[in-house]
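Two complexes follow with chain A in common, the first pairing it with chain B and the second with chain C.
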Partner chain A sequence: MKSLKITVLSGKGGTGKTTVSVNMALSLPNIQLLDADVEEPNSQYFLHPNFDKEEQIFRKVPEIDQETCTACRKCVDFCEYNALAMMLDEVLVFPEICHSCGGCEKLCPVNAITEVDRVLGVLKHAETDYDVDFWQGELNIGEESSVPVIEGLKEKADNQKDVIIDAQPGTTCPTIEAVVDSDYGILVTEPTPFGLSDLKLASELMDELQIPHGVIINRAEEDSDYIIENFCAENNIDILLKIPFKREFAHLYSDGIPFVLEYPAWEKEFKAVFDKIRGVLNEKNYSN
Partner chain B sequence: MKIAVTAENNNGFESNVNPHFGRSPYFAIVDTEADEVELIKNEAARASGGAGVSAAQLISDRGVEVLISGSVGPKAYTALTRGNIEMYTTKDGTVQQAIEAFQEGSLSQLTSPNGTPRK
Partner chain C sequence: MKKITVISGKGGTGKTTVVSNLAYLANDLVLADCDVDAPNLHLLLNPEVNNANVFKSNKLAIKDQDKCTDCGVCYDVCRFNAVDPVSYDIDKYKCEGCGVCVAMCPADALSLKLLDTGEIYNSTTKFGPMIHARLKIGSDNSGKLVSEVREKAVETAEEKNKDLILIDGSPGIGCPVISSITGVDLVLFVTEPSKSGFSDLKRVAKVIEHFNIPALAVINKYDINKKISQEIEVYLKEEDIELVGKISYSSDVVDNLRNAQLIVEQDKDNIVSKEIKEIWENIQNRINQN
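Right after this comes the complex of A and B.
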């Protein structure tokens, strides 16, 4: 059977992506978890990994040879991100806001610009106690673009294993980079108007990317689930699972304990979600 | 001498001071010898990033030697320092009042960044 790559994402932050990713990973055999929420990777607080490997991620930023530079200012005027400035005939580089497009180097008429490596972030690996092969990406503080870290993280995907990717919230570049080549997207939401509003955005994104997707309602409550259920019914989106709003779950969360470890019956629920996803994808491939 | 004051609106010497540098809506460029003021719209006020650097470039290109504002972020501070532009702080009032306070020597000079970058 072909291994699957599933990304867990959400429009809104704090809906439970990590809860779903970690508990699901712990419920499945031969699994790899990639924490791609690189601005604040928090799966680690539930898996308690002892990291055994680290790899730095670099990106290119310009370096100016002031001797060669003629202060023609072409590079400064070219840079759309204001990463270059000309002060008293000297070109200053602000590497944190450089988007590494390489344009300045190409257009410099006297070749005074070279691109040099800048450390952008780090990838960390751990074999966890729970049989989950775990990688996380970390973006260095002050850096603006996390995409290269997520690209590097995805290269660690083991095609002999099923892979779960915990994405950054939102619907911008880092989230897209995490999900873009996945087989399926799990959209985690909560039954509130905010949850619905951002679920719509996430669902539109998935349609745009043509990635099959379903919804998990976290902090589900009978009185309010209709907010999400109505939307999913209207748009033909599967609701894969509801995780109830329970004090015990919140308590375990605050102690850094994935709830499947205390309530093993939930392992079955997550396995069922995974099997359902596999079924949906098989059907899709069959019909294509 | 040319002095830049971050301004809230476009109302000559009576424009209100804006407390932030990079994302200030206007810059009042005051020529103290000629006793003239020119208000420039800050096109980078809504930039997604690098507004401070862009603002520093703009006032440096106008030959400004002194900036009066409320807060200056780290990247703007670096750029302004390298452009030999001195920074002084004020909280409120008009451009006219800021210039007078500077000339009386009652504004304090900024010697490190005091603003945080915004997205």
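Right after this comes the complex of A and C.
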């Protein structure tokens, strides 16, 4: 059976992506978990990994040789991100906002620009006690662009294993980079107007990327779930699971304890979600 | 005029709930929703939109197939894997609009096209003007849209002579967050007592320190885990971040949210309302000190 790559995402932050990713990973055999929420990677607080490998993620930024530079402004005018500026007769570089496109170096008529490596973030690996192969990406403080860290992280995906990717909230570049080549997206939401509004955005994104997806309602409450259920029914989106609103779950979360460890009956529920996803994808493949 | 941005590091800690309830207490201010990726403030404040403007800042390389000679230079120079190795078509999600392919194309077959990044709204709420935006799905450049919202809010405050701008920020520590705190007087952290919340707070606090902006903090749902709340309090003291209040965990908050109501307005005697009121008084004291 072909292994699956599933990304867990949400429009809104704090809906329970990490809760779903971690508990699901712990419920399945032969699994790899990639924490791609590189601005705030939190799966580590639930898996207590002893990191055994670290790889830095670099990107290229320009360095100007002021001796050679003739202050012709070609590079400054070219840069779409305003990462270069002219101060008197000198070109200044703002490396944090540079996108590392390499254009300035190529265009400089006097070869006054060289590209140097800048550390953007780090990838960390651990074999965890729970038999989950774990990688996380971490963006360095003060850096703006998460995408290269997420790209590097995705290269660690093991195609012999089923892979769960914990994405960053939102619908912009970092979230897209995490999910773009996944087989399936799990959208985690909560039964509030905020949850619904942001679920709509996430689902619109998945439609645009043409990735099959389903919904998990976290903090589900019987008399409020209709907020999400109505939307899913109207748009023909599967509801894969409901995780009830319980103060006990919130407390376990706060202490970094995955609730499947305290309530092992939930393993079955997460396995069922995974089987359902596999079924949906198989059906799609047959019909194609 | 004072500008305060509310951020958290971790998502879902209660930024928007705090902002909207503080807006009620402040009563006369300018609001800005800089969480352009997943804006929610409008759901609670129900603003009347006076005008909407398309904001363009994204660029995308466009190929003129008639001029293209299939030489492959664009593929060679693109750092973002946005050019297909066979067809040399450009992937609109991967293209970052840097213009390298445009500059290097020997056949002059490529150009940069300006795209819609999103829409900006100039609106009115019960408590004053509100600037908000909606980023186009899958769009790049949220940072620029955030800056635009922030700048529009400042213009509006100057025009209408308002003393306070309250900015709802986005989760994380990356580009939209950095754009939302540029040039503000104070940052208010809304955190929660969980291992993740605490760790994310520390990361975002380092960003703020990097930009040298004074910070205040609120611990939301503090009684979910009193031990971690205490650890956060110790940390805040060490970092010289003033704790302006703690908010109790209450399902009344979510109930009000579900009805698009503000708890401080609907249920003045609720413990949460009292706590938020005290937070507002402490913030005012701090503003007046500066």
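Here are some notes:
Rule of thumb we're sticking to: the second predicted complex is superposed on the first by the 288 of 288 C-alpha atoms of A that agree within 3 Å, B and C clash if a C-alpha of one lies under 4 Å from a C-alpha of the other, contacts with A are read in each partner's own complex, and residues count from 1 in each chain.
One rule holds in what follows: a residue touches a chain if its C-beta (ideal position, glycine included) is under 8 Å from a C-beta of that chain, and two chains touch if they have at least 3 such contacts.
Just so we're clear, the structure is a prediction, and the values are computed from it rather than from any experiment.
Within the superposed three-chain model, A:107 lies in touch with chain C and out of touch with chain B [touch as defined at top].
In the superposition on chain A, A:72 contacts neither chain B nor chain C.
Comparing chain B with chain C, more residues of chain A are touched by C.
In the superposed pair of complexes, A:90 makes contact with chain B only, with no contact to chain C. Using the contact criterion defined above for the overlaid structures, shared-chain residue A:254 touches chain C, although it does not reach chain B. Legend: residue contacts after superposition of the two complexes on their common chain; A:174 is shown touching chain C, with no touch to chain B.
When the shared chain is aligned, chain B and chain C each come close enough to touch A:144.
Once the two complexes are overlaid on the shared chain, A:198 sits against chain C while remaining clear of chain B. In the superposition on the C-alpha atoms of chain A, the part of chain A touched by chain B in one complex and by chain C in the other spans residues 81, 144. Chain B meets chain A in the complex at residues 44, 47, 49-51, 53-54, 56-57, 60, 75, 78-79, 82-84.
Note for the complex: chain A touches chain C at residues 11-15, 18, 39-40, 42, 45, 78, 80-81, 99-103, 106-107, 139, 141-146, 168-174, 176, 180, 191-194, 197-198, 201, 204-205, 208-209, 224, 227, 247, 250-251, 253-256. By the touch rule above, chain A contacts chain B in their complex via residues 76, 81-83, 85-88, 90, 92, 94, 96-97, 144. Put simply, chain C touches chain A in their complex at residues 9-13, 16, 37-38, 40, 43, 59, 77, 79-80, 93, 96-100, 103-104, 112, 135, 137-140, 142-143, 170-176, 178, 192-197, 199-200, 203, 206-207, 210, 221, 224-225, 228, 249, 254, 257-258, 260.
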